[in-house]
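Shared between the two complexes below is subunit A, which pairs with subunit B and subunit C, respectively.
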Partner chain A sequence: MGKAMVSDGLLQSVKTKRQAGILLEEIEIIRKGLFEAGEGAMNSLLKNKVRVETAEIVRETFSKVGVDKKGYLDKVEELIIKMPNVSLILAFEPSEGAVERFYSEISETTGKQVLLDIVYEPQIIGGAVIIFNGRYRDYSFKKIFKLEFERGRNKILNMAKERQANVNIKH
Partner chain B sequence: MDTALLYITVLVASALVLLLIGLVVAYLRLVGKTMSLKEERKRESGLATIEQAQAKAQKMIEDARVQAQQVISGAQIFSSNQVTVLEKEIQNANRVNSAKFEESLRLVQNESIKMLSNVPKDVSATLSAQLVNIRATIQAEIEKASKDAKAQVDDAYKRAEAEVQNYKLQRLKQIDDSIISILEEVSRKVLAKQISHDEHEKLVMKALEEAKEQHVFFEEQEEEKTV
Partner chain C sequence: MKDFDYYLDKLGEIGFVEEVMHSIVNVSGLPEAHPNEIVMFESGDVGQIMSIIEDKIEVLILSRTKITVGSKVVRTGELLQVPVGDEFLGRVVDSLGNPLDNGKAIKGTYSPIDTPPHGIIGRKQIDKPLETGVTAVDLVVPLAKGQRELVIGDRKTGKTQFLLQTFLNQARKGTICIYAVIGQRQIDIKKHAEFIQKNKIQANSLVVATSSSDPSGLIFLTPYTAMTYAEYFRDKGMDVLLILDDMTSHARYYREISLLAKRFPGRSSYPGDIFYAQARLIERAGYFKTGSITCLPVAESVLGDLSGYIQTNLMAMTDGHIFFDIELYNQGKRPAVSPYLSVTRVGHQAQTPLQKDLSRQLSSFLVRYDRMKQFMHFGAEAGEAVKRVLDLGAKVDMLFNQVENTTIPVNVNIIILAGLWAGIWNETEVGNLKKEMEQIILNYQTNTGYKKQVDSIITTSQKFLDLVNAIRQNNQIISMQQ
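Let's look at the complex of A and B:
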């Protein structure tokens, strides 16, 4: 069972690390369900224990003739585990659409499926910090902000002192 | 003079003793000779000669004894006379010697008094010189101590001043840092509120593009291939 077989199914639904975690839990539940007797038991499990999207893909795959159900689940699990992680530290909590756009941009660049590990960190003000394959790049506003403040430190301090002096004179 | 007299007396006494010893020796020889003659006469069977010789010897012995008695008694008389003379001479000598001793003692005493009378002057001069030295030394020490103390105070003052200055600078830097930190925080919050979701997304997309340009998303193998 190759990657192509599963690429249109469960793997397409996984874009973030959080989603991957949920899917791995579901795979584990379904795998346990394989050993329970009866078609009804599996249907009940897919209906009640996993998300709709996951249930539909699994049901469709399992309905094919001669499919190795356990092998399929194992392969999906293996591919998810092997997916490279891209950490994105953001200053806002992105919408689903935003995540999809980030994912598309990155997967297009890398040419493969990745897992986004999105961390919400408002201290970075804006932009993003990207960590991939041991590389760390800070494209945040915080860095620019720090640099600008450091550069204009004396100017800012002088302004603050002048302002304080004016306030004292008025009083 | 007294000493000479004493010597003469001793000399005479010694001569008499020697003479007496000589007589005794002569008497002993004579006795020996008599005995030998007696033996000889006996041997020659001359008893008369022996007796005659014995009488002669007896007489000689008697004479010698008388003479020795006279010498001894003469010597005793001379000695007893001289005892008083000797005593007198000794007394004179003692007197003269004690007079000389007293004179010497007086001279020594006078010299001592003179020396002792000079001692205070010497001591005074020496003490004055020493006092001058001591005063100079103490003054120098006081000046040195004063300079040292001044230098120490100056050093301590400079150190304290430097520490105060350092502390002041540190505090000023802390204040500056606090001001910057507060301004940063305020600015950050203001700016963060000013950025909309769309703008955030655009900023992230821009960051991803930059990362792409900087080959952040390339795998190691891909990097090797490109190289």
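Let's look at the complex of A and C:
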């Protein structure tokens, strides 16, 4: 079963590592359901144990004639596991809209379908740190401030002293 | 070395520990990593890249703390280096150059520990003797500076004792002495450090040690680090004595690492490149235009079997071997050096004509003596000639029997042996003979005039027979002791 067959379905719904984890759990549930007896078993499983969007895609795929159901699920699972991860360390917790925007931007840049691994780390103050394929790029404010402080250490110290002196005079 | 963040910023690459298998971890990421490069974990621990496979990197851990799955890893862009310098003399360090003797940290210039052996152009013909201070070795299996001589024998046969005697004798003569303790007990490391302090030879000795509780990677690197220190002093024009105790343990640790890394096992489960790994190291020793590195690798045999895999490998890499025989040890001989199974390939070329002649005659006599002893086992009645050989042999055995931690200058050995050959002590009782020999040794070491006299008579004799005749004609040099 080729990638083309599954690419329009389940894979498109996965954008983050968290979503990938949920989908893999659902695939496991559906795979077990394939071997359960009774005509309504699968329908009941898709209705009660997996998300609606996943259920719809799976139902549609399984309705096609001659489809290898287990092979399809195995292939989706394999492709998800093989998807490259992009770690995005942010100083805030992004909204769904923001995640969508990050995803489309990153997918376009890399030219690949990737999984976003979003990490919330307020210590970086602002900006972002991106890790992809072992490359580490730090565009955080923390690094910028650190460099600024290292570069202008004496200047900043003098400014602080002057300000302190002014405050003392006023008092 | 700098810290984790420095390398992360500098090289912009990161990896994550995916799997931990004792002293080896598998790491993902680090796209530009190259073999043998040093990597740093976020905890500050270091490791060395062993191999790069399609989607993972195998890293050998070189620190004592435990690494956990998920830890971040960065490249350093550096190969493994240790600090070297004169400040290391008198110290005990591990295979990364960190002090183990509770002394302050040592800083020095950094030198890579895995370098290719020196080419032929920088080497010289071996021509200077190396005195061990051990009579049996100096007379029968002499060593030379730059020689690589394997010291082989079963456990508890006095190998370390011999090595320490040689270490002490050479350190007193100004040679830089380096002792590599490879994965032994902590107590052994302590004993070596105490030995150096007790004998006040800190000025030109160094111990590189790892204990059996250290990570395999660290133990594996011990002889390479010791050799790096040896090369540092050699490049300063000094003569170095390097003891690698022991290389069979080293091979075992390398086997452990290779099997963990799922390398295909070869003979006795050792990896296919075990010969290469050890030969490349031992080949770094030798006699050079700048200085010399005399290397004494140690191998442990089992039940006196010299034909083990690692043992024969080491024999093939060295210029001979000194065999410590468990049977001789059990007979009470100290040191238990077997004169029949020991070999020196280049030691004789550094000897004077007199020493060469003496060595040849002594070896041939010892074979004859051994045959006679075996013959006497049948209860045969001994003739006069046989009795003479047995009598002289017993006296030679007495000369070879040496007290622990004592060293005897080679010239005094020669003069005593010549005295035995000349029949000076034919009528002396065995009990008194040892005392008289000890008196001569003491006199040689303390009386400058006597020492000069002995040295002079040895220098003027070209052949052993000349010396024996000279003593026969003028036996005062020996009888003046009595």
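By our rule, the second predicted complex is superposed on the first by the 161 of 171 C-alpha atoms of A that agree within 3 Å, B and C clash if a C-alpha of one lies under 4 Å from a C-alpha of the other, contacts with A are read in each partner's own complex, and residues count from 1 in each chain.
Definition applied: a residue touches a chain if its C-beta (ideal position, glycine included) is under 8 Å from a C-beta of that chain, and two chains touch if they have at least 3 such contacts.
None of these values were measured; they are calculated from a predicted model.
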Subunit B versus subunit C as contact partner of A:Asn133, first or second or both or neither: both
Subunit B versus subunit C as contact partner of A:Gln12, first or second or both or neither: neither
Contacts of A:Asn43 with subunit B and subunit C, given as first, second, both or neither: neither
A:Arg101 touches, of subunit B and subunit C: first, second, both or neither? first
Per-residue touch tally on subunit A - higher for subunit B or for subunit C: B
First, second, both or neither for A:Ala160, with subunit B first and subunit C second: first
Partner chain(s) touched by A:Ala91 [first = subunit B, second = subunit C, both, neither]: first
Subunit A positions touched by subunit B in one structure and by subunit C in the second: 133, 135, 137
Sites on subunit B touched by subunit A in the complex: 176, 179-180, 183-184, 187-188, 191-192, 195, 197, 199-201, 203-212, 214, 216-220
Subunit C-touching residues of subunit A, taken from the complex the two chains share: 131, 133-138, 143
Subunit A-facing residues of subunit C, complex: 8-9, 12-15, 28-31
Complex contacts: residues of subunit A adjacent to subunit B: 84, 86, 88, 90-92, 94-95, 98, 101-102, 105-106, 109-110, 122-123, 125-128, 130, 132-133, 135, 137, 139-142, 145-146, 149, 153, 156-157, 160
